[in-house]
Structure formats: structure tokens, C-alpha cells
Amino acid sequence: MDTESLRQLLEALQAGQASVDDVVQRLRHMPFEDLGFASLDHHRSLRCGYGEVIFCQGKTVEQIRLIFARLAEQGHNVLATRAWEEAFKAVAADFPDAQWNALARTISLARGPQADPVGHVAIVAAGTSDLPVAEEARVTAEGMGARVTTHYDVGVAGLHRLLAQAGELRNAKAVVAVAGMEGALASVVGGLVASPVIAVPTSVGYGASFAGVAPLLTMLNSCAAGVSVVNIDNGFGGGYIAAVINGQCAGAE
Amino acid sequence: MDTESLRQLLEALQAGQASVDDVVQRLRHMPFEDLGFASLDHHRSLRCGYGEVIFCQGKTVEQIRLIFARLAEQGHNVLATRAWEEAFKAVAADFPDAQWNALARTISLARGPQADPVGHVAIVAAGTSDLPVAEEARVTAEGMGARVTTHYDVGVAGLHRLLAQAGELRNAKAVVAVAGMEGALASVVGGLVASPVIAVPTSVGYGASFAGVAPLLTMLNSCAAGVSVVNIDNGFGGGYIAAVINGQCAGAE
Amino acid sequence: MDTESLRQLLEALQAGQASVDDVVQRLRHMPFEDLGFASLDHHRSLRCGYGEVIFCQGKTVEQIRLIFARLAEQGHNVLATRAWEEAFKAVAADFPDAQWNALARTISLARGPQADPVGHVAIVAAGTSDLPVAEEARVTAEGMGARVTTHYDVGVAGLHRLLAQAGELRNAKAVVAVAGMEGALASVVGGLVASPVIAVPTSVGYGASFAGVAPLLTMLNSCAAGVSVVNIDNGFGGGYIAAVINGQCAGAE
Amino acid sequence: MDTESLRQLLEALQAGQASVDDVVQRLRHMPFEDLGFASLDHHRSLRCGYGEVIFCQGKTVEQIRLIFARLAEQGHNVLATRAWEEAFKAVAADFPDAQWNALARTISLARGPQADPVGHVAIVAAGTSDLPVAEEARVTAEGMGARVTTHYDVGVAGLHRLLAQAGELRNAKAVVAVAGMEGALASVVGGLVASPVIAVPTSVGYGASFAGVAPLLTMLNSCAAGVSVVNIDNGFGGGYIAAVINGQCAGAE
Amino acid sequence: MDTESLRQLLEALQAGQASVDDVVQRLRHMPFEDLGFASLDHHRSLRCGYGEVIFCQGKTVEQIRLIFARLAEQGHNVLATRAWEEAFKAVAADFPDAQWNALARTISLARGPQADPVGHVAIVAAGTSDLPVAEEARVTAEGMGARVTTHYDVGVAGLHRLLAQAGELRNAKAVVAVAGMEGALASVVGGLVASPVIAVPTSVGYGASFAGVAPLLTMLNSCAAGVSVVNIDNGFGGGYIAAVINGQCAGAE
Amino acid sequence: MDTESLRQLLEALQAGQASVDDVVQRLRHMPFEDLGFASLDHHRSLRCGYGEVIFCQGKTVEQIRLIFARLAEQGHNVLATRAWEEAFKAVAADFPDAQWNALARTISLARGPQADPVGHVAIVAAGTSDLPVAEEARVTAEGMGARVTTHYDVGVAGLHRLLAQAGELRNAKAVVAVAGMEGALASVVGGLVASPVIAVPTSVGYGASFAGVAPLLTMLNSCAAGVSVVNIDNGFGGGYIAAVINGQCAGAE
Amino acid sequence: MDTESLRQLLEALQAGQASVDDVVQRLRHMPFEDLGFASLDHHRSLRCGYGEVIFCQGKTVEQIRLIFARLAEQGHNVLATRAWEEAFKAVAADFPDAQWNALARTISLARGPQADPVGHVAIVAAGTSDLPVAEEARVTAEGMGARVTTHYDVGVAGLHRLLAQAGELRNAKAVVAVAGMEGALASVVGGLVASPVIAVPTSVGYGASFAGVAPLLTMLNSCAAGVSVVNIDNGFGGGYIAAVINGQCAGAE
Amino acid sequence: MDTESLRQLLEALQAGQASVDDVVQRLRHMPFEDLGFASLDHHRSLRCGYGEVIFCQGKTVEQIRLIFARLAEQGHNVLATRAWEEAFKAVAADFPDAQWNALARTISLARGPQADPVGHVAIVAAGTSDLPVAEEARVTAEGMGARVTTHYDVGVAGLHRLLAQAGELRNAKAVVAVAGMEGALASVVGGLVASPVIAVPTSVGYGASFAGVAPLLTMLNSCAAGVSVVNIDNGFGGGYIAAVINGQCAGAE
């Protein structure tokens, strides 16, 4: 319909019934939404590798199944985060090649030819309890085409374990630092590498970590320049940003 | 320039060098920002009575003077909030008819013919210390064309003072309830009237009011339906919303 | 009318049909609301369409059933919010025409002739997870006689979806903006429309949304004038205020 | 042993082997704890009516049963708060005359002759959901010998209901005001009566009540002098203090 | 008395000396409190000893001077809290017998015959820095007719100093416990006495006292029953409540 | 490999193909992580008595079993905290001499000859509900070789109970003070003893203890010098630090 | 000295008094800090363009002058943030070519040949009051070699202003989004571009922005993937990270 | 007087007018405070080296001068913290040998023979801005007889600086770790040493450090066992505890 009125306007111009000035004037005041700016998001998704990501928390299994199917049918890779096994089974009934990562709680589906991973994203995690978040970051970054190395259980209380990885961390295009408790890992990593560090606080810890507030504040106040922060337990966000940075650099190589 | 490329596109159509389909396609993918959607804000300001409002806090006197002048020259009424005397003097040097309200800390300038105030906005304040915020609400609402009545020093500790005003409050199209300390005024007023109550918490009080957090929470949790809340000490916001509601109803009468 | 009964009482005294003691006694024990305060609640409910609303959370099924029955028997429309299926079944046993909205978790019962909806309240929601709150707002506003349009899944990360609705939003008498996560929707909507925006933060989001604190603060700090805020997840409050504003304007047309 | 060394010291004095000055000097520096100051608490309990009160939360049923039995055997009245039915049944197996108040979640046992209740404590509650806390206050105050009147469902959104009780409230020696949501009840009651108001915030409400923080702050910031506050949901504390005040006054009559 | 004037009015009507219209008119404009609500404030002030108290913070010197004069002229004792020397001088120019307490920051004025102090209020303070708040409590309680004893510098880190006062504290009708830092004083005092303890947190301390939040929480969570709490630094509130309790008991003796 | 390159470098020196200066220079710039600094942690564990401690919360039973086995096989004493019965049973299947402390929720296993306990750590707890945390501290300190005395149920509301223990507390090398609610115990103990007090706040209490925030703040603000604080409910941390202090002093005797 | 012992060890090897195995063993257990790992930071600074950055806040003018001189003498570019005019004057006395940016409050000094700016960093700011922070970001990024475009006063309340810049923003390698009040700008920008968005909350706003907490939470909860956050008012951090990302990509081109 | 009654009791015993049993009985029930338990504090101060410490903040210069003089005259060493130059001058007029430490803001006075410092306390500070707090710790610990080494400007962003000090830190009996911003220093130090770490958060940092809350939480949540925490900016507390631990160990050597 909107397209129709636009079309009529242009036909009037074509037919000499309207001047260019008239049409410019009309277009200028035509509510822009009538033109259908779908390209906005397309532009974005084309460059990032995922058409859309499904945040499952708070959705029903049926809703997840339906959204998943719609996205998959458009030929996109699909990623669902914060999922659970029942949701996976519903999706897998439709798409037997969907992958379930129990630790990361993700469902992923590859569509079309898969390119070789590029660049280097390093994911560092302080403790065993931080692994679900770290793995969510890994699945996300890999799904977006990044080559990922993981460096787990390297908390700052045993500094030598982290220092032993410093060489490899320095080669990464972006480092995702995942830590709960006091979250000091991000600062120490930030002092060891020159590339951007995306810090992901986790909700792991004793009472006064306040479900992730303590490491969140630690990371925001990092004395090491180069550290930026995403939401508590948001492994997806950390992996996404790292993959975007990695992709930009890799594309430029 | 953007207009230029649009014009060229249309001229190509006019000249038969492009089909309607071509142009629709091109327009559909042309970034909408190139079309200049200035009308958005115009629409808004025309209906509300103030072209723009200057929030002076954090601006220099010279910045305030310049912005004020630019707005005034467009023929709009101008309101500057959170101002101070020195800022007023700078403005008054340019516009001798600018008004200074020392209590509300506002500078206002009327332009064009002033309509008679319409409708009825009631502004209720708990204590003497809340008056700067209440007056900011009053100046704002009056500047937007509302008839305003004020009901000051009617805190709930002396309930009879408030009850004595209940009749008039019930006649208002919107009530602005301004209170610090525990902010219970909003709930009590909310229970007395049927029109919307805009609650404005103030930063007045002992230590555990936490500079307005206590009345803010009180008002958000009001057991009386019909109470919505704006920011701490934001008399402008309260007056603005009340005036918008009042204007909508008055315009409809 | 109240004055009338007072007058009759005094005339009885004047006429010698009542003693001074009688009148003092009558005045003293006359339900004070009869002196001007009686109409308080009646006045309010008559204009708003709901006699009273039952907030079910923290009540037993039996308590809900009893309160519902008492209100229904007075001939009022009844709305119960924050209900659950078992509560609905208990109510439905008494009132088979009671309506259950599973998404909004409301029980509603219409009594007497239902008027055509008037005016226009627009309800905007950012994501699928915000729908229970948005639906509670819709049920509330519709129950109070408003014509409601809903605009769901229009979060600001995909701005074009929201902009596509801007035209219709501008026609509403009041807009309810429901959003969790960062709650930016309210500010963007506030910048698009001239009518009052009632912002409802929801408790949807990652850890640092702190169960709705993040969008609550976002909305209180909105840079767009015209936005006021209700409690977290308080869809009822948002719908109620919007319907009151809508009703005032509609009544005035 | 400690008594022994004291005894030896005194015998030395008796035997003329030590002077009074010596003994005074020795006593002055003898660690006081060796003298056994058990009377401290007795003094307190004798005046208050309860030997000790059992806070059941976080204790096992068996622990509750044992503590209850020990106190009961000393001939005291016993009160257990924050109990549950299973705990009551264990206690009742030992003490068939123990009383269970399901709403207040208390177990109480009277021992010895029960005096007639004295004085007047008024307990005011805003909403139905506040009743468990209000009832805990009532049971506590009655157990401590106070005559108690209750005034429930008198929230400030329907002010006339509260005002209708004002006369009786003014007769009380102490008023306990129990309210959740925004907790404005305490301020309004504080403005109506001259006796002390003990405010008890409850954890009832929407999200931004933060489990009782909102009414807690409201009550601490009350604009009415005469209002003091106890912990969230601490009906026991409110009833206890009111009963102490009431007892002091009644004793003096 | 109020009833009397009502009676006279009605008798005038009965006697034909007034018309029904006259009486309705008089009733309508008679301060409504005369109809039942009048006694509210009067009743309160008569029993408490202060007509009204002026909270100076946030008021101008001129406002303070005017309010002070108005209250003094009604023959009430007057108390102004949170004052400063300049404000006192302005008041003293009008009332040379006004008293300035530099530590408590209060201005007080006695009017009419002063009764002998009655009962016993004990005020306990932890450290030297808490004295301004403790003194505000003392001035308030004394002004309301209480006999007051003060017990300063008895913080719990040197327990023997507090224990040495326990005997006298146990004789008080009410104890005001003033403490900053960790505020443990209130709990220890609460464990030593049987009368009500009004706890006043102060804003004295290192960073993590958060300007009084730490002692406020300490006091709200006191493990000793019998402790209720007022706002941070609110010495007036503490002294007021203690004096009300004291007065009730003393009046009953 | 890293060792290999180091070896080659040294062999070049040995073979006269490199000078000492060359090797010093190369070593100085060789990334240190290549040298394998495993001795860091060994140093630490050797002095403290536990090879490593397993924080079970957030780990699966299988993970706990595997980590426990790995540590035990290295001949260390092993401690697992925040465990549960099922986890214990899995461990006990492998190590029948593992000990389960149901109150402290710890699994411990002794390996090698056990030395007699040395020194003196005193553990003080306010109430029955604090015992799980206090017991975790005890198990930890004993496992690290300390002689421990426990002093439970000595909250400050009944001060005589605590004072009766003062003599023994003064003999300890370190005192662990465990308390919930308002946490005043730490300050009072800090005023009674000269040795360091490690304060452990617990999450026991009414609403406004905010799951341990209130006692945490109390302890951080302690007016008694000598009090330091660990995380909420962190009995392990308290016992560990006390045992380290105790061990240092005992070793020096 | 440390070097000395290393040297002795190597000389022993050279002299055949020690085997390679001996030396490897000794080196492995030699505390690594004795080797002087200065190269760590060099690596970092060489890649980032600033030797070190001086955070002036909390330092004296003399301290700033001395640190500045020391860095400048090493031939590095120097940047001092959070400076003030007096500090600049002291620095300028030593280095007349130092630059003062009054808005950004930075002192900068270029040393050695300056390369042409590379890549593209876009800095977006919501309001005039956010400019100091935005300018600090610009100075930082430019000093690190980035080509920077600025887009100021594009708050979301007037969306068309922001949309008009969308084209250019999409071309940037990284976008710094600076906003106070509710901070919604970051989310909207995040929805418009595919490159990483570094969000910088500012402390500009009414009371409930809590000095930047509101926009901080908004940004952490952004519904747009690709947004990471730095500390409140940390323009330096935002500019630094953007420049690092930009430099990585540009270097790869 | 109290002594008098005790004396009379003993004289009665001496005179044979009372039995030992009588006197024991009487003493047992005599309120303990009458015996004057001054020895409590003496015991403490004798072991710690400071009679009392004056916390100057919130005291007047004259108060400081008087308290200082009273303590000095008792022959104790005196320490005044949080002082300022004017206060020092007043003290120095009385005691010319008083020492002023401008950075630590302390006044100290040595009395009697000064022993050689013993043991080893290490004080570690992250940045230049943390020095006032670190110096307060140093002055305190040295005044209590500890040998102190300081290790300043060793923040974790440049890890090599800290690691270079690890050897010396491991030799200390106690380490005080002072840090603002994110406070990660405490965790890293805690992982390097086996002795107790007393962490002192400082109020240095950007907005989201919330005046020291961020490092406070970091330190409380330290993943390294052995770290306990004192109040924000409480250098005195950190130095005091470290010196107590150091003294205990040294005394035992």
C-alpha cells in the first residue's frame, strides 16, 4: 500500500503530472516509515554472520521452536542462547543437524557453506564455575567465524598459570576475560596484552559478590586501559564483540 | 546534496531514463536519513507550546545566553530551568522582557500573542523546602498554557490541611504532587482524586532520604492507582506532563 | 446532596423536631464521608470503570474468590491482576462468564452494559518477554473503556520497526511503553510523540538489570520530556493511568 | 573455682591476713566475669513477661522442640515466631496446650496465672497481605499482657477508612503501624495520634519496593514526629516495643 | 470546647438568631477540624509541649525568623532544629530570651510557666563526634518536660565505660542510643535495659559507613528486642519519642 | 620445548658459542612464562597445610570427586567446603576415611602423620543459626593444625554470656567472630581482646540485614581497632586467616 | 645483584663447574622477579602510541610536572587527563609546545614525527553537557593516531538528528557513544552500526541518575549486541579502546 | 561511694558481723559496674603500644589539643589520625617534639624509651593517589614497634613491578595491601605470599568506584585465601592489625 502510493507519485512524475520539485517535497514529508527500511538490519546481519540470535530465557519452548524455524528457513546461521535441553529437543525435531552445547546452554545451526575460521579470539576464564559463561562466548565467537583459543582456570590467585598463557594471549585480536568472585582477572590480562579486552563478570561467588556486582565494578574500574565490560553472565555479548573486532581486523588483512 | 541525488533520480524518471520500478527500488534502499526528517520535532513542539527548554545545569553562562537567543529569535516561547541569577542577567541584557523566578530558578520569555490559560493543573507541595521544585512545575505548566492552582505546605502529618483542599484538587485535570522526606503525599492525593497524579520526589530530608531516593521509592510503590513518577527534583518534568494532559483535555472540550 | 441532608437536619432543629443534642450527636457520628468525604471512593470508581481491582499476589485462592464475589455482586466490573489458573477456576465456578487471560494473568468480569471503547491508548513493548506486562496494561485499559492498539517487539536495537509505527503512536491520547533490559524504548517513544508516555519497566534481562532497576532508572532519567514512570512490572498501573488520561480527553470531545 | 578464690580472699581478710584495702584492691582488678552476672537477663525478662522468644527461622524442628521444652520447664510463658506447622506439631506433642496461630506463624504457651490485659496497644495494617506481620505483632503484645485492638485494611489510598478509626487510635498507649508497598500509613497515623508509633515495614509489593526497602525508607523519613521503625516484616519487634511502652504506662497508673 | 462552640451555633439557630444558611455557611468555613478533626493537631501539641518544631535546614534566615515569631506569639514553647548562628541572631533580635545551643544547633524559647522535669530519659552516645546529635535529643526531650541524664563516650570498644552506667540506664523510662561508625551501642544497651531504646544512627565514620547507613542497618537488625530506630542524625526524633514515652508513663504515675 | 630452547641457549654458553653477557641479555627478554613457575604455589601450600581447597558450590558431584581424588593422590590433606551429602558419598567411595561434617558442610581427608594442634584460635558465634559458618571456620583452622576453642551463642543482647568467656578469648592468638543480624559481636570482642579479630558476617536475619550486608557493614565500621573482615558466610576464609596467624606465632615460639 | 647471581651461575656453567641440567634446574626455581621483566610494558606501549598516561586527579601540580617531564624526556608522546589550568601552566613552563584542551581537561605533548591519522573512530555525544567527556575521548584517540569524527548533540529525544549521521557512523571502525541522563544513545547507535560501540556513561543528569549510575546500567543492559562499557565519565578509556580497535584494523589494511 | 559500700561490707566481715558466705552472696549480686573494671582497657593498651588513638575527623582543634595532652601526660605514645596542619600546630605548641606527617595526616608523639623495630610488615600500594592511606598505615605500624618496608606504585596493570617485589613480600609477617580503582592488588598479593594480607580499599577512582565501594567489594571477594579487609581509606586499621600480628609473632621468636 505504501509502496503503492509511492508508485502513484512517481507515475505522476513520469506522466508529467507532477514536477520534480513536487515529488521531492512530497517525499520529504512522507512519513519515512512508509518506505520500509528493512535494509538497516540486513546490512548489520550480513556483516556479523548471524541473522538474529534468540535469547531463550523467558520464552516458552514452543516460541523458541517457532522463532528458530523462521530464522533457519531464511538460510541464516541460527544461535539460541540461555536454552535448556527440552528446548533443544523441540528444535532438533525440526532440524536434526542443530547442535546442543550443554555447558554453554546454546543451540546452534549452521546454514550454507561454512568458511574457515579467521583471526584469533582468546577466551580466558578464572575458575571452573565460570565455564558456562566462557563457553557461551566461545560458541558465539566461533559461530561468527572467529578462530578461538580458550584458557580456563587461570585465576589470579595462582598467577603463574595465567602468565604461562601470556604469549598466546598477546597474539589474539581480542581477549574475552570471564571471571566471578572479585574479577581481578580482567585487570591483570589488560596489563599483559595490547589488544582490546572484553570483560564478562559472572555471578559466581560468596555473598558479597552480590550475584556479580563485585566483579562488574572491578572490571569497570580496571586500572588497565583497554578493558571494556558487558553485562553479568553475558558470555554471548563478550563473544559477539570480540568476534566483531576480530572480523574487522581479519577482513582487513 | 542528498536532495540533489534524489532530484537526479527523479529527473532520470522524468526523462524516461529510469522506470518507476527502478526508482521505487532505489528509494527503498536509500538510507532514510538522507531525506531530512526535520518534521519529527516540529510536530512535537508545535503541539506543546515550547520550542525547546534549556536545562542550564552544567552549561556556562555564555552557552545559555547563546542558546536562549537562538531559540528566542525563532519566535518561540523560551524556558530555561536550573538557572541562576548571573545567567539570567546575561539573558536579560539581550531580552529585557525575560522573566526571572528566583524560587523556581527559571528564566522565561513569552513570544507572540499569549492565549488565556486553559483547563486546570493543581500543584500540591508537602513543605516549604519543596517550593523550588513546585514552583518550577508551576512556571512550566503556566508557560505551556495551563491554568494552575497551587496548594503548598499540605504535608500528611497535618492531614486536615490537605483534606481542606480536596474539593479543588478533584477539579483539576492533572495534579502534580511534590514532596521530599517520605513522600507520602502522592499516595494520599492519589486516593483523593480521580485525575492523574504526577509525583515529583524532592531531595529534601534527613540522611536516610538519600537525597530523594526515599520519596522516589514511596511514589513508585504508591498503593493508589493513578500515580506516576518523574525524576528527583524534576519539577519541570512534572509540570510538563501535567500541562500536556491538561492541554489534551482542554483542546477536546 | 450532602449539603442537602445537612440542611434537612438543621431545618429539623429549627423546626423544633430535633434537639441540639440530637444534632450534635448526628453530626458527630455521621460517617464523616457523608460530609463531603463520602463520595471519595465512589466518585473515583464511577469515573474509572472499575469498582476495585484485586491484586492477587499474596492472597489465597479462597480470599480471591470471596473478594471477587463481593465486588461482582455490587454490580461493578471486576479485575483481578497477578492471578493464576487455580484462582481463576475458583472464580469461574461462581461466575462462568469471568475471563482468563493467561498471558496477562488477569481475571476480568464485565457487568452491566458495555460501552464502545473510546479514544486511543497505544501500548508499545520492546520484546517478547515483556508481553505479560504489556498485556496486563492492555486488559486494564480496555476494561476501563479505552480503545487500545498494541505495538509489540519494537525494541530500539531495530529502530525501523518502531519508526514504522510512529504515525499511529502519534494519534494516541496516551502511550504505555513497556520495556526491560535497558528500557531505552521509553525515551525514543517520548521523542516521537506529543502525548504523555507512561513508562513501565520490566524485570526482564541479564544480571545487571537488577530485576528491573536498570530500565526503571533509564525511564526516570529519560531525556525526553513527557515520560513518567510506574513500578517495575506494573502493567496494571501503566494501563490504568493511560486509560484515565484517555477517558478525560475522550469525555471532553 | 572462681568462687573459691574469692572465698579464700575473704577468709584471709576474716583471719586478719589481709587488710580491707588489700581486698578492695584485689577485687577491683579481679576479672568481673568470674563473679557470674547471671542476674542481668533475669532482671530484663521479669519485667517483660517472656523468658525468651524463639526465632524459629533457620532452626530445625528438633532444635525448636528442645529449646521450647527447656524454656517451658522453667515456668515461663513461651513464644516461638517464624514457626511452621510441622514445628508446632512437634511442640504440641510435648505441650498439648500450646497454641498455633497459622496466620502469625507463632506457637505460644501460657504458664502460671494469666493476668487481665492492661492498657491499650493499637495495631494498624494497610492491606490484607500485611496481616501475617500484624498478627505476629498482636500475638506478641497480647502475650506480654497488653490489651490489643486491631485495625486492618486501612491503607491511605482510601483515607476515610483510616480516619474512621482515628478516635480509637488516639486512646492507645502505643500504635503499631504495619504496611508494605509505599508504607505511607505510618506517617498518616503519626499525624493523627500523640502516642508513639512503631512502624513495621513489610515486604509486600511490586518490584521497586525491593522486598520492603521502600516502606522502610518511607517510615524512617516520616514527616510526622513520633514514628520509630523496626526491621522489615518484624511484627514481633513492633509488638514487643509497643507492649513494653504500654506496660510501663499501665504499671504507673 | 469545640463541641461548645458548635452547640452555641446550633442554639442560635434554634433560637432563631441564625438562619439555616448561616449555619451551613459557618459549618462549611469553620476549620473543618472543629467538626471532629479539629482536635487533631491541638490534641497532639497540648500533650507534647511543643506547638510546632521548625526544621531550619533548607529555609532562609528570614523564613525562620517569621515562623518562629508566629509560633512564639501563640504562647507556645518553640524549638528550632538544624539552625545556625546567623539564624539564631535574627530570632534573638525579636526574642532576647531565646536560647542558642551551639553543639545541638538548636534555638529554643520557653513560654509560660515551666513545670519541673518529670520521669527519666537517658541519652547514651558512643563517641565525641556523636555529640551534636545527642545534644539535639537532649534539648528536645528537656523542652518536652523530661528529666534527662546523659551518658557520653561509652562506645562498645571500651565496654567497661558503658557497663559502669548500666544501673542508671535501667532506671530510665526510655533510652536514646546515639552512635555512628558501626552503631553496635544500641544492641548492647538494648541487652542491658528493659525500657524502650530509641536508636539514632549518626553519619560519623570511615567510608563504608556510607554517611550513616552502616549504623542504621545495625540498629534495624539489632538482636536485642526493644530497639526501634529513627532517621540518620535525627536527634530530634529520638528525643521526641523518648519524651513522649516518658511523659505517658510519668503522667500515669 | 621451552625448556629446550633454554637448554640450547645454555649449551651454546657451555660450548663457548655465546658469552655470559649474551645469555643474561637473552634471559632478560625471554618471556618469563616459558620457565614454568610452578614453585610459586608450592611455597604457599607447604606453609599453610592444605594443598588446595575445593569450593564445591557450582561444581557437579563428579567434578568434586575427580578433583578430590587428584589432590588426595598427591599426598595432601584435602578440604572441600560448601559440599553436600551426595558429594560426600561419592568421595567416600574412593576414600573411606574421608570425614563429613554435616553442620559445616565440609569433607576432609587427612594424609600423612598428623601433628599435634598448636597455638590457640578462638571461634565466637552469636547465635545458633550462625553455627554452620562457625563450624566451617573450625574445621578449616583445625585442618591447618590450630588448636581451636569454640564459644557459641554469646550474642551481645545477653552480654554476660560473652563476658564470661573473655578470659579465654584473651589467650587466643586470633579470634574468629561469626555473627549475623547486626553483627555487633565483632566490635565487642574487638574491645575485649588484644589479638587480631577476623570478623565473618553471616546471612542470618530479618529483611533489612539484606542477606548479610548489615553485619558486613557493621564489622567494616567497627569502632574497635584490630577487626578485619571477610566475605559473608565465608567461614573458611575466617578460619584460614586465623590459622595462618596462629601458625606464624606458634612457629616462632 | 640479581643479575650478579645469574651471572655467577652462568659463569659456573661456562667454567664447567655446573651442568646444563643444574642451571636449568636452578633457573626454574629462581624467583622470576629477579630477572627484571621490563619488556612486558614496552611491548604494550610500543603498539599503542602513548608511553604512559597521567591521571592527574588526586595528584599535586608538582607531581604532575615531574611525571610529565620524566615521560617526555623518554621521547614518548605524553597525555595527561583530568588536569586543570594551573597544572598545565606548570607543565608548559617546561614544555612550551604542550597543548591544553580546556574542555577535555587534557595536556598533551607530541614527540617525534607524527604519522597521518588512520582508520576512523566516530565519537557520538547526547548533549552539550557530555562534551568534556567526549572531547577527552577525542583527544585520546587522536593522540593514538586515529582519524576521528565527532557527532555531538544527537540525543535520542530528537531521533532525526542521530539518524542523519547514521551513514557516517556505519563507516567507522569503532564508535564511542557518550551519554548521561538515561544513556539510551548507546543502544540506538548499537542498533544502527555493525562495528563495536564503546559506551561511556556520564554523570550528567537529575537526581536519580545517581551521578552516572543510570546510564551505566542502561549501557550494560543494552539490547543491542556489540555494546561494551567503560567507567562513568571515563572518556579516556572510551577513546583508548576505540583507538586500539581502529589501529588493529588499520594496521591490517 | 561504691567503693565505700564495698569497704563497709568487708569491714563487717573483718569485724565478724558477716560470714564469708554472706559476703560472697552479696558480691555476687552487687552490680558489677560498681567495682570499676578499668583493667580491661589497660590490658589491651599495654600489649599494643598505643594508649589510645585520636580519630581527629569531626573534632575541633581545641578538642584534639586537650585529648592529646591528657594522653601524653599519662606517659603513652600518642597517635592522632585524620589530622590537619592547624591541629598539629596547636598540639606542637604543647609538645614541641610532636611529629607531623603531611602525607599521612598524622600527629605522633613518642614517650619513654623507644625499642628497636621488630619483625617485618610490608605495605604495598597500587598508585600514587593511594599514598596518604598507605602512609597512615606505615606511621601506625611503626609507632607500634614494627619494622616496615614500603612497596609503592605496584598496581597490577604493570605486573612486573609487583612481581619484582615478591621475594621481599614473602618475608613479611603481614602485608598491608592498599588500592583504589578496582583493588585487584590485594588478590594478586594474596596469591604471592603465605602470610596474612590486610586489604585497605581507597576512595581513589572514576565514578563507578563509588568512593571505594568497588575495591572494597573486590577485596572482600578475593579469590585468594588469606585476605581480610578493613574500612575504606582506613590506613590506620590496616597498619594496626598488621602490627598486632607482627608483634605476636615477633614476641614469640
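Some observations on this one:
Think of it as A, B, C, D, E, F, G and H in the order they're written, each chain with its own count starting at 1.
By definition in this document, contacts are C-beta pairs under 8 Å (C-beta built on N, C-alpha and C of every residue); 3 or more make two chains touch, one makes a residue touch a chain.
Note that the structure is a prediction, hence the values are computed from the model and not measured.
The interface in D-F, A-B or F-H that matches A-F, meaning over half of the contact pairs are the same by residue number, belongs to D-F. Here A-B and A-H were compared by C-beta pairs in contact; the pair with more is A-H. For the pair chain C and chain E, the distance between mean C-alpha positions equals 41 Å.
Each chain gets a centre from the mean of its Cα atoms; for chain A and chain D, those two points are 55 Å apart. With touch defined as above, residues shared between interfaces to two or more other chains in chain E number as follows: 37, 40, 158-159, 163, 191-192, 205-206, 208-209, 213, 216, 220-221, 225, 231. The chain pairs satisfying the stated touch condition come to A-B, A-C, A-F, A-G, A-H, B-C, B-D, B-E, B-G, C-D, C-E, C-G, D-E, D-F, D-H, E-F, E-H, F-G, F-H, G-H. Contact residues on chain F toward chain H in their complex (touch as defined above): 40, 43-44, 47-48, 53, 170, 173, 191-196, 198, 216, 220-221, 225-231, 236-237, 240-241, 244-245, 248-250, 252-253.
On the chain C side of its complex with chain E, the touching residues are 3, 6-7, 10-11, 13-14, 16, 20, 23-24, 27-28, 32, 35.
For chain C in complex with chain A, the residues that touch the partner chain are 128-129, 158-160, 163-167, 204-209.
Taken together, the chain A residues at the contact with chain C in this complex read 31-33, 36-38, 40-41, 55, 57-59, 63, 201, 203, 211-213, 216, 231-234.
Against chain C, in their complex, chain G makes its touches with residues 126-127, 155-159, 163, 181-184, 187-188, 190-192, 205-206, 208-210, 213-215, 217-225.
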